[in-house]
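Next, two complexes with subunit A in common: one pairs it with subunit B, the other with subunit C.
Then we have the complex of A and B:
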C-alpha cells in the first residue's frame, strides 16, 4: 500500500540527547554567552559594523533572510486554507514550528542589535513611536505576528502532548481546544495579512535605500518581489526540512504531498523569474548586468542558481524523485536567500568606500541563534506531534501506547485528527 | 503735553497703527520669552494693554566715550517705522545725537528734563566713563563727564548702561587704557545699574528693560555682573544655529575654506560663543533672520564679556566648559570595515558544514519515487535503532 501522511506523528522512541542535539546546544550556549559580551562591550567591539554600515548580518541575515525561510506558515497556509490544497494540511505543523522559530529568533536578533539597549523600553510606549518609519511597521508587525498567530498556531501540538501525557488533564485540554477552534479563523486571517505586510515592508526598506542599492536589485517592485521570494523560500524550506527529517529519522515520505509542494514552488519560482526579467528589461536596469563588476557577477550567480533550481524542480515534478526534490529545494533556498541578502548587504553601498564583513563574534551569535532554533526543532519533533508520519507508523504507535501509557504520540484511536485546528 | 498721555493715546495721536504696535509687542515677547513680568503675560494683547495704559517713560540718554554705535542700533532698524515706533513708545527727552538743539540750548534742555522728571526718569548711559586726570578726557558743557553723570544719576530712578563701554569700559578701556575708562557701575552708587553689554547690544533688550520698569514697576532679575538674565543668562554656543556642526565635528579651519563656505562651526577660527553670555544666537539684529556676526560667517569676539573680548586673542580658541558634545555622537568620517580573519574562517566552515551535511543527507534520500510497500512495515524505525 502507498504511503500517505497523517498529521502529527512524532518522532518516536528516539533518544533526545544525541550527538547532533548536544552539538547544536553547545553552539547555542556559546552564542548566548557572546550575547552577554555584546551587551556589556557594545556593538563596536563585538561586531564588524561601522557608522557607515549599520546593517550587520543580525538584521540582514537573521531577520531579513531567515524570516523568508520562516514564511512557510504564510505560504503553505495560504495554499492550504485559501486555495484549498487539502493535502498540504499535514505539513502545516512543520511549517508553523519552523516559522515560529525563525521569527522568534529573528526578533531576538533585532533586540540584541539595538545599539543602546537602555533605550529599548521606548518600544513599549506606542505614543513615542515614529509612525513614519517602515522599520516600525516591520518591528511591530513581526512582533505581533510571532507572538499572536504563530504562537497560537503552535499551541495544538502542546495540547496534544498534554492530552497524551497527563490523562487527568484531558477536560482542560478539550476546553482550551474549544477556545482555539472558536478563535482560529481570526488568527488564521491575521496569520496571512501580517506576513504579507512585513515581508513586503522588508523590501520597502531597501526600496527606501534608493541608489545605495545596486540598480539590478533596486526596483519599485522590490516589496512585491520580496514577499514573493518569501513565499517560495517558505515552500522550499519546508520541503527541505521534511526531506531531511525523513532521511534522518527513517520516516516514510508521502510523495503526493511532496510533489504538490514541489509543483507550487516551481510555479512560484518560474513566474518570479519571468516577472523579474520583465521588470529589469522594461526599466533598462538589465544593462547593469553586463558591466564587469562584482555586482553583475553576484546577479548572474543568483539568477543562475534560481534557473538551475527551477529546472531541477521541473525535473523532480516529472520523475517524482525525492532526491531531486531535495536538490531543487536546496538550490531554490540558496538562490532565494542570495536574492534576499544581496540588496541588504553585498549590493548595498551606504557610502563610497564603506565596507562590511561580519566579525567572528557577530557570526557566532548568529550561528548560536540558528543552532538554538535547530536544537528546539530537534527536541520538539521528538517530543511533540509535529512532523507528519505514515498511517502505518501512527497505528504502530497507538499499539505501543496501549501497552506503555504515558508515551507521547497518539492516545486513543478516535482522537487522531480530532483537533480540527491542528495545523 | 504728550507726557500726560498714555502710550496708547500717544500712539493714536501720532498715527501709529494698532497693527505696528502689536508687532512691537510680539517682538518684545520674543526678545524676553522668560524672566520679565511684562512678557510673562498670557498674550500679546495683554502686553499691549499693559504698555498702552502706562505713561510714556521719560528717558534721558547721556553720551560718554563712545562711537554712537548703540544709538545707531536703536535708530537703524530694518524699517524706519520701527525706530519711530520705539521713539513713540518711550519719551526720549534728552539725546545729543538726535536732538536739534546745541550749546546752551542743549544744556538747558538737559536741566529741564532732569528737573521735570526728577526721581522718575530712566537714565541711559552710552560709552565708558574716563576717570583719568579727574575726568578731563571728556567734558560736557565745560564740566567733566563724570561729574555730570553723578549729578544726573542722583536724580534718576534707574540707570541703564547700554553697550560694552558703559557696562565695563569697552574699547576705551583696552590696555593700556590711557583715559582710565571704566563702566558706569563703578562710578555710580546708590542707584540700580542695569548693564546691557554688547557692541552693539540688541535695542529690544533696552526696550524690554525700560517697559518692564514703567509698566510693572520693577527691574528684571540680574546676573552677578548686572546683566538682565532674560537676555544674558545663556551662552551663544547653547543656541547657536551652527551648533550641530560643532557637535558633529565639522569646523571651518580657515576663512574661505570649504567648511567656511558651507557654514560650518567657526570655533576653530576663534569663535568666543562658548564663553559669551548673550542672546545674539536667538535674537538677530535689525529684525532680519540670521543678521549677527556668526550668521555672517564671522567668529564671535565675545563683546559682552569683560574678560574675553580684549583679553583673549581674536583667533584664539576658548576652553569649552559646558556643555561639551557627548562622546556618543558619531564622528564625521566613519571608519571603514574590514574582513576579520575569524569571520572569514567561520563563514567558510559553516558554509562547508551545511553544504556537506546537505549533500551527505541527499545521498540517503531515495533517488526515485518510493515504491508502495507490501510488507506492512514501511518504516525501518525500531525503538532505539537510531542514534539521531
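Then we have the complex of A and C:
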C-alpha cells in the first residue's frame, strides 16, 4: 500500500470500545487499585524490593527504561527540526503523544515508588536542592519537560479537534495557533535540551553504584551511552507504533518516511555499538566479557540482539519491506531496553547472595501503567489527528462527517457492519 | 592512648561556633570552588577505631545501640533473642563472624563508616542525608527525605537501611548517637565495649593510635594498614584487622571517593548550567531558521489541498 503521508488524520469509522481497549482499561484499573494498597501497606508488603536491591522495576523499568522508549519526541524532533528532515514532521504527533504517555506514567511510578512523597515540596525550594545528585537532576528535568514542552507539543492535535468539532470556536483556535507559532521554537528547543540532560542523568544514576555495577556496564560514558540508547529506542518505538497501528487499523504506509526512520535508527544503533566497543576495549573492561559467568552471558545476549537488529535494519533499508522494518525495530527495542535495564538490576551486585525478583503486585502495577498508556493511545488515535495519513484520507473523513456527523471523535457510535475498513 | 572526653567536646563546640561565624556567603563562594578539589577531612572529624583483634563478639555494643537509639530489638529470626541477620531498620550496628575453613576467625563490627566524601549524601536529592561540616557525622533528617532509597544504591558498604513497612518509612543508619553527642556523651557502643575494641575520638587522634598499635605489633595487622585512612576517599570509622579487609566485608573501592571518581564529569558539564544554556541558544536559533521554511511549506500545502494546516 504505497501512499504519501501529508497530514495526520484520526482513525475514523472504528469503534472505540473494542475488546483490546476494554482489556487494557481493565489492567489499568487493577493497577490503580493495587497502587492504593501500596500506599496503605507500604513498600515492603507490596514489592519484592529489599535493602540490597532498594530499587525495583517501578524505577528501573517504568522510569529508567520506558522513558527511553518515550524519547521519540526528542530524537525524531531533533532529526526533523535541527537536521531538517522535513518528511519526518508528519510522524511527530505519534512521537510526542507516545513520549508524553511514557514520561507522564514514568513520573507517576517515581512518585509511587518513593516512600515519603509529601517531602517533594522541596522541589519548589531550589536552594534546598543537592545540585549534584543525578536523581534530583532527573526528577526536576523530567517533570519540567513532561509538564511544559512535551505537554505543549501535544496541544495542536487538540486544537485541530476543537476546530473540526465546534466551528463557532474557530476564531479562538486561530488565535491560539498564532500564540503557539510565536513561542514554538523556544519551547521546542527546551524539549531537546531537557531530555538530553535527564536521559543522560538516568545513566549517571548508576555511576554512584561504583564498582558494584559490573564493569561491562560501569563506565564514565554511561550517561552518554544512555542518552544515545534513548535516541535509537525513541526511533524504534515510533517505528513499531506506526507499523503496528497501520496494520491494526488498515492504514496506508508511506514507505519513504518509514525508510528514513529505519535509516536513522540504523546509523544510531551502528555508531552506538562501535562507540561501546571502543569504550570497553580502551578501558580493558572487554576482558570481563570472556569470563564464564551470568554477566558475560547477559552482555553477549544484549550485544547479539543489537547486532542482529542492526543487520535487519540494513536489510530493511535495502528491501524496504515493512515486515523486516518491524522486526528490526523490535529487536532494537529489546536490545536497547536490556542495555538500559541491566546495569540497574541484573548486572548490579550490591552484595553477595542478594536477590531481587519483582512481586506480583509490583508487576501488575507496572503493567497497569503501561496498559493505561496503551489505552489512552488507542483512544487518542481515534479521536485526534495523531497518526499520519494522506490528504485524500482526510477528505474522505470530512465527507463522512458531513453525512454522518460524529463519525470521528468520541461521539462515534458503533454501527453494525460499518467499522470494517478505515481506509 | 586516652583522649580526654572534655577536651574532645570542647574542640567540637568551639569549631562549630567558628564555622557558624564565618558566614554563609563565604561558604557559598568557596563551596563552588571546592567542588573540583579533593574532599577534605572536616576540621573536627569525629571517628571510631575498631580493632578486630580485640573484639570478643559479645554484642554488648549492639544491645547498647538499640537502647540508646530507641529501636525495637530485632527478634524476627529468633523470637527469644535480639538476633538480627544483618544491618536493618532495627539495627544500626551489628557484630558479624567471619570463619575460614582453616579455622581462622574474626569478628567485625558493621556500622556507618561516616565517609569523608559520602556517596549517600552525594546521591540525596534534598539533603536528607547530610555530612556535618565540622564533625563530619552523616545524619538523616526526615524533613528532607523523600524515601527514594538512592542512598542504599550508592553506599558501597550497604549501610543505610529502609523501613519497608507502613506508609511513613524512614532511613535508619548509625549517626554516632547524635542525641548523646548533643548532650556531651560518647556514642553508646564505644561506652559499653568491655575490651575497648571500638573506641571513640577525633579521627586524627584515632589514626595516630592505630598507627601506634601497628608500629608496636609488626606483622600483627593485615598489610600493616589502617582501613579508612585513604580507602574510598577516607572514612571516619577506622578498622584494624588481622584478616584481609575484603574477607570481613570491607570492599576495596580504591582511594578515590565514589562521588569524586564517578561524578567528576557530571559536575563539570553542569557547572553554572553554561553548557545547557549554550545548547539551548544554538538549538533555538536553528529551529527559528528552519521554522520559517516549515511555515511557508504549510501555507503552500494549505492553499493546494484546501485542508487546514497542521502545526
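As a convention for this text, the second predicted complex is superposed on the first by the 387 of 423 C-alpha atoms of A that agree within 3 Å, B and C clash if a C-alpha of one lies under 4 Å from a C-alpha of the other, contacts with A are read in each partner's own complex, and residues count from 1 in each chain.
Just so we're on the same page, contacts are C-beta pairs under 8 Å (C-beta built on N, C-alpha and C of every residue); 3 or more make two chains touch, one makes a residue touch a chain.
Worth saying up front: this structure is predicted, and the values here are computed from it rather than measured.
Overlay on subunit A: subunit B and subunit C clash in the combined arrangement.
Legend: residue contacts after superposition of the two complexes on their common chain; A:52 is shown touching both subunit B and subunit C. When the two structures are aligned on the shared chain, A:387 is found in touch with neither subunit B nor subunit C. Shared-chain residue A:298: touches no atom of subunit B or subunit C. Of the two partner chains placed by superposition, only subunit C is touched by A:114; subunit B is not. Within the superposed three-chain model, A:130 lies in touch with subunit C and out of touch with subunit B [touch as defined at top]. Touched residues of subunit A, counted separately for subunit B and subunit C, are more numerous for C. Once the two complexes are laid over each other on the shared chain, residue contacts for A:319 go to subunit B alone; subunit C is not touched.
For subunit B, the stretch among 43-51, 79-87 or 331-339 that collides with subunit C in the superposed model is 331-339. Across the two superposed structures, the residue set of subunit A contacted by subunit B and also by subunit C is 49-52, 116, 351. Touching subunit C in their complex are the following residues of subunit A: 6-8, 39-45, 49-52, 54-55, 81-82, 84, 86, 89, 93, 113-117, 119-120, 122, 128-137, 139, 156, 159-160, 163, 177, 180-181, 184-186, 188-190, 192-193, 196-197, 201, 204-212, 220, 223, 350-351, 385, 391, 394-395.
Within the complex formed with subunit A, the subunit C residues making contact are 35, 86-88, 119, 121-128, 142-150, 152-154, 156, 158, 161-162, 164-169, 251, 253, 258-259, 261-263, 265-267, 270, 276, 279-280, 283-284, 286-288, 290-291, 293-295, 297, 301, 305, 307-308, 310-311. Of all residues in subunit B, only 328, 330-331, 334-340, 342-347, 350, 358, 361-370, 372-374, 376-381, 383-384, 386-388 touch subunit A in the complex they form. Residue ranges on subunit A touching subunit B, taken from their complex, read 1-3, 12-15, 18-20, 48-53, 116, 243-244, 246-253, 255, 319-324, 326-327, 330, 351, 353-360, 362-364, 367, 390, 392-393.
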